[in-house]
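Per-chain numbering from 1; labels A, B, C and D assigned in written order.
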Amino acid sequence: MAVEISGLRIAIGGRDIVHGVDLSIGDGERVGLIGSSGSGKSMIARAMLGLLPVQAEASGSIRLDGTQVVGAPDRALADLRGRYTGMVFQNPAATLNPVLTVGRQVALPLRLHYDLSRAERAERVAAMLERVGLPADVASKYPHELSGGQRQRVGIAAALVTSPRLIVADEPTTALDSITQRQIVDLLVSLVDDAGASMLFITHDFSVLARATTRCAVLDAGRIVETGATADLLEHPADARTARLVDAARALALRPGGGDDGGSGGGDTAGDAAVEEKDMA
Amino acid sequence: MMARFGAIVSSLWRRAGGRFSLVVLGLWVLVSLVSLVWTPQPLWRTDGYDVWAAPSAEHWLGTDGTGADIVSWLMAGSRTDLLIVILTVLFAGALGLLLIAAMTARNSVLANTSVVAVDALISVPTILIALILAVPLGASVAVIVVACGFGYGLNLARVARPQALLVARSAYVESAVSNGASGVRVLFGHIVPNILPVLLVQLSLSAGTAVLAESGLTYLGVGVPSGTPSWGHSLATTVRFITVYPLTVLWPGLVVTVVVVALNLFGDALRDAVDPVGNPALRRVAVEETEA
Amino acid sequence: MRFIVRRLALFVVALLAISVVVFAALRVLPGDMASVMAGLNSPPERVEQLREQLGLNRPLAVQYLDWLGALLRGDFGTSMLTGRSISGQVAQRASVTFPLIVMGLAIAMALGIPLGCAAALARGRRARGAFQLAAVIGGAIPALWGGLLLILLFGRGVGLIGVLPSQGFPADGWDAPGEALVSLTLPALAVGVIVGASLMRYTRSALGELASSGYVEMAMSCGMTRTQAVLRVGLRLATPQLVSVVGLTFAEMITGVMVIENLFALPGLGTGLVTDVGNRDLIAVQSELFMLAAFFLLIGLAVDLAHRALDPRLKTAAGEGGR
Amino acid sequence: MKNGLTGTAQRTEAPTGEGAEAPGAPMLRGAHIDKSFGRGAARRQVLFDVSVDVREGECLAVIGGSGSGKSTLTRILLGLETADAGTVAYRGAAVTGGRRAPGRQALRRGSGLVFQDPFSSLDPRWTVARSVAEPLRLRHRGMPADEVGRRVAQALRTVGLEPATFLGRYPVDLSGGQAQRVAIARAIVNEPKVVLADEPMSAIDVAARVQILDAFAAIRDRRPDMALIMVSHDLGVVQHIADRVVVLHDGRVVEQGPTGRLLAAPSDPYTRELIRAATPFVGRP
């Protein structure tokens, strides 16, 4: 599914959060959106699927394979969501329905969009759970009985069970510890590529982006400051704000061989006070 | 401190609900004070010939079955209801805070027993407590205050409990405790300020319910004793003749409804005005104070 | 399972506590029970004869245990005034009060919950404000005034559209169900409107919180519209909270029910209790108070158990281990 | 010793080559610690015969997956939780053995805590000034106000926050990174001998994490005798700041040693797996 976003503006209670953003995702392409918290990145993701909170207003244009999303009635977008698009959330503990078993949660998109028999649905759910690496007996469990990593796998299963054309992943790894984080990113990438779907991957960490995306856009205070192939941006970031995100990711990444180097990492970050003020925008 | 008070009142006044409630509650207090010294007609003067008179220059809202002037009795009644509301809110607030302190106490036996006690007793309605008290004490303001105060105190504790437990288990309380803070210091330093918004809303709701309860209990004969003026009394006396003089029913009921609406709206407005998290003006005051 | 046993034990303990409170309240009179019951200026030997008859000179503990034993056997003793057995009297009055409560609650839920949902779903600020104001005003109307206004509107022979009886309960009670139901309609409406307003407010706040939760967002991302998600997911998750709110409102409702019963002259527990208190028929009052309190503790128990059953997270208390 | 990205103050290069022990005698000694949660059928043991030492002025990292018991271990070491078996000694005085244990009181006075979620570690209705001053007011009742003010401002400057702009603010007006640094300032305002930071960075943006690391580095520059226990599951952070590492797996210490040696040549299979799974080196050298 090809996505064209042009001149997207989002305001909440009169205050602009996103100021005129342009972004495009080719069919089958994995694009990243990176920025520190408060930069408006998850607002853009929600606007793409019509999931903006009630008090937010969006203007500009978002086209999913040609269909205009901004201003479209919720009824029409609901037919789109869960069938052609799927969403993976940051904190599955606060999104997976606590009173539904895992099996019923993963089956929800099937039940809303396709009339299959109970057996067919159960079979497709079981297959999906197996593809995300979960044992079959998880289907009868409740979300609060699972670990963080398992819950995120259930979230991915629910998003991909109808093999949608577009996946939006809003910081799917932030709430996980670093070991599980890597497994989840690899799982998501392999499932998306198998289905030939496009993906928008949102994070604040460049190292995760390096594994998950081919191209990415850097967002700062509601504006895109730079876009390009992820590898290129990592090698030589043009914009100072991109450089800051790359340096931070490098400082926290594990240097091979664990050698101690006395010197501090790459370029110095800007003086603290200046960063403070802007950071708090 | 004055700047902080100014910020609270101004943000109260900015909200429509806040304005309405400030005006109505201000009037209520004013009328209560005035009625101590003056009422259009002296309360005891019942004009036998002028029974059920229509509103006139002499009797602004007319007279009731005994020829007494309705406006004067309503003004005098506002005093009694104001007293009841203040006492009930104090009683409920004290009981509520005591229970919250027990429920968030670090000693788990005390905490669990108080939680169990609140759950058990909360389903006993105010009227039953009033009736149980009325038998030995007879109808009196004390019955209303104790019955309502007890019920609303329990309710306050139950409504504020989730938020209070959240605070008690928070990292900032753990940091305070690890630095040697005592239970009392944690309660009044951390727990009370963080549940204040919930407390204010709940107490203003209870104040409203107390006024409603007064009219109900008085009508049932266990509220305000028959001689004492109160809104419930004014309402109850009009009941017997409503078929003949429907208009007289209107005034007392209207007064009670307007006051209770004002009390509820006052709670919501106060919650946002007093709370630094909800009220940016208060935060600006804090910044200016530290820079000074 | 352990929770249910603990909650039942709590219920029994609360019952005993209430029985002690009721028993003690009546004994801590300025005078003693017998003199109060016999009336102010009755001759001393009348008071003595009464004390003898009711066994009031036995030690308190014996009296209490005797009363408790009788209660368990369903014998509430005989009323001083009517001489009839109190349990018969209570049963007869309950046959008026409980249907009134149930009808009132039904109206309250039929009004409160849908309006609460509508208020939570309302988009514009103006619409939300209007709903909130309606709930506040609805909740601020005194039960007595609400009843009077309804009588003025619909009371037969009085009201503008005189359609419904505004007084009394048919003599032959539920033998003529049609007539009995009609006579309960107006009172039930009066009770229902007031309780409905507070139910609406609770529903709006509970649903409002959930409407912006991750659960609703997840449901929408699977293909539901916002309205569907809020109603099907939000409401289901809010149900445990709403059940306990209904339980709470139930308790607040009884004051209104008693007022309405007296206003509409319905021979229910409310009117009965008030007249008994007035006439100092303390033996009857003692049992009636206890029965009503027990009824509400039962409601509280039922509500807690329902709350527990509705939320699987509470059933299996499996939390994550220490890190 | 690692210094911060901004290299605020160049510390004399500590001997961190292969095998050299970090300076300072063992200040906190934990020996044969067992701990389990729950009762009866639901009883689950979390720590199995764990022995760990913390040396004066050292930064000790305790790493392991979620559920490995690392948080429980460090809370027992600081006397915040009781152990089922085993002993903890602070400068020779016993910490375990009930509330009145001599070592426990001294440790409580001499330690600071930093938590994972920045917004739950600051009272939302307290200003930054009041939050940071709380430990001083609790431990030194008589301290005059201007002395309190001076030490609060000093603590804020150490973590890179300009007092004038931050003292009057409430947590709601702070970013994640700023709030966590205020919590760090509060933990060090009492000049503690040991600070426990329980995953202080996992709830914060990567960009802001660097500022937290700088704050810790600046603190250790100013107070070389203070020990820092860092609980984490992120090896990048550990490499950046820790002198020594303890690896916990399902409640058992599988390996201990200086950071450089442990990361370069891990002897335990689980440690190797941790290193392999950690986020790799990113972008330009």
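Everything that follows uses one rule, which is that a residue touches a chain if its C-beta (ideal position, glycine included) is under 8 Å from a C-beta of that chain, and two chains touch if they have at least 3 such contacts.
Computed from a predicted model, the values in this text were never measured in an experiment.
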Other chains in touch with both chain C and chain D: A, B
Shortest path length from chain B to chain D (each step joins two touching chains): 1
Most central chain, Cα average position: B
Centre-of-Cα separation between chain C and chain B, whole angstrom: 22
Mean-CA-position distance for chain C and chain A (Å): 50
Separation of chain A from chain B, taking each centre as the mean of its C-alpha atoms, in whole Å: 49
Distance from chain D to chain A - Cα centre to Cα centre, in angstrom: 31
Chain C residues counted as touching two or more neighbouring chains: 320
Chain B: positions in contact with at least two other chains: none
Sequence positions of chain A contacting 2 or more other chains: 147
In the complex with chain C, residue positions of chain B that touch it: 116, 119-128, 131-136, 155, 208-209, 212-213, 215-217, 219-222, 232, 235-236, 238-239, 242-243, 246, 249, 252-253, 256-258, 260-261, 264-265
Contact set on chain A toward chain C in their complex: 46, 49, 51, 53-54, 74-75, 77-79, 81-83, 85-87, 89, 91, 94-99, 108-109, 112-113, 142, 144-145, 147, 155, 158-159
Footprint of chain B on chain D - complex, ascending: 80, 108-109, 111, 113, 115, 117, 120-127, 129, 131, 134-135, 138-139, 164, 167-170, 172-173, 183, 186-187, 190
For the chain C and chain B complex, residues of the former touching the latter: 10-11, 13-14, 17-18, 21-22, 25-26, 28-30, 136-137, 139-145, 148-149, 151-152, 157-158, 247-248, 250-256, 258-259, 262-263, 270, 273-274, 277-278, 282, 285, 289, 292-293, 296-297, 299-300, 303-304
Residue ranges of chain C in contact with chain A within the complex: 123, 211-215, 217-228, 233, 236-237, 310-313, 316, 318, 320
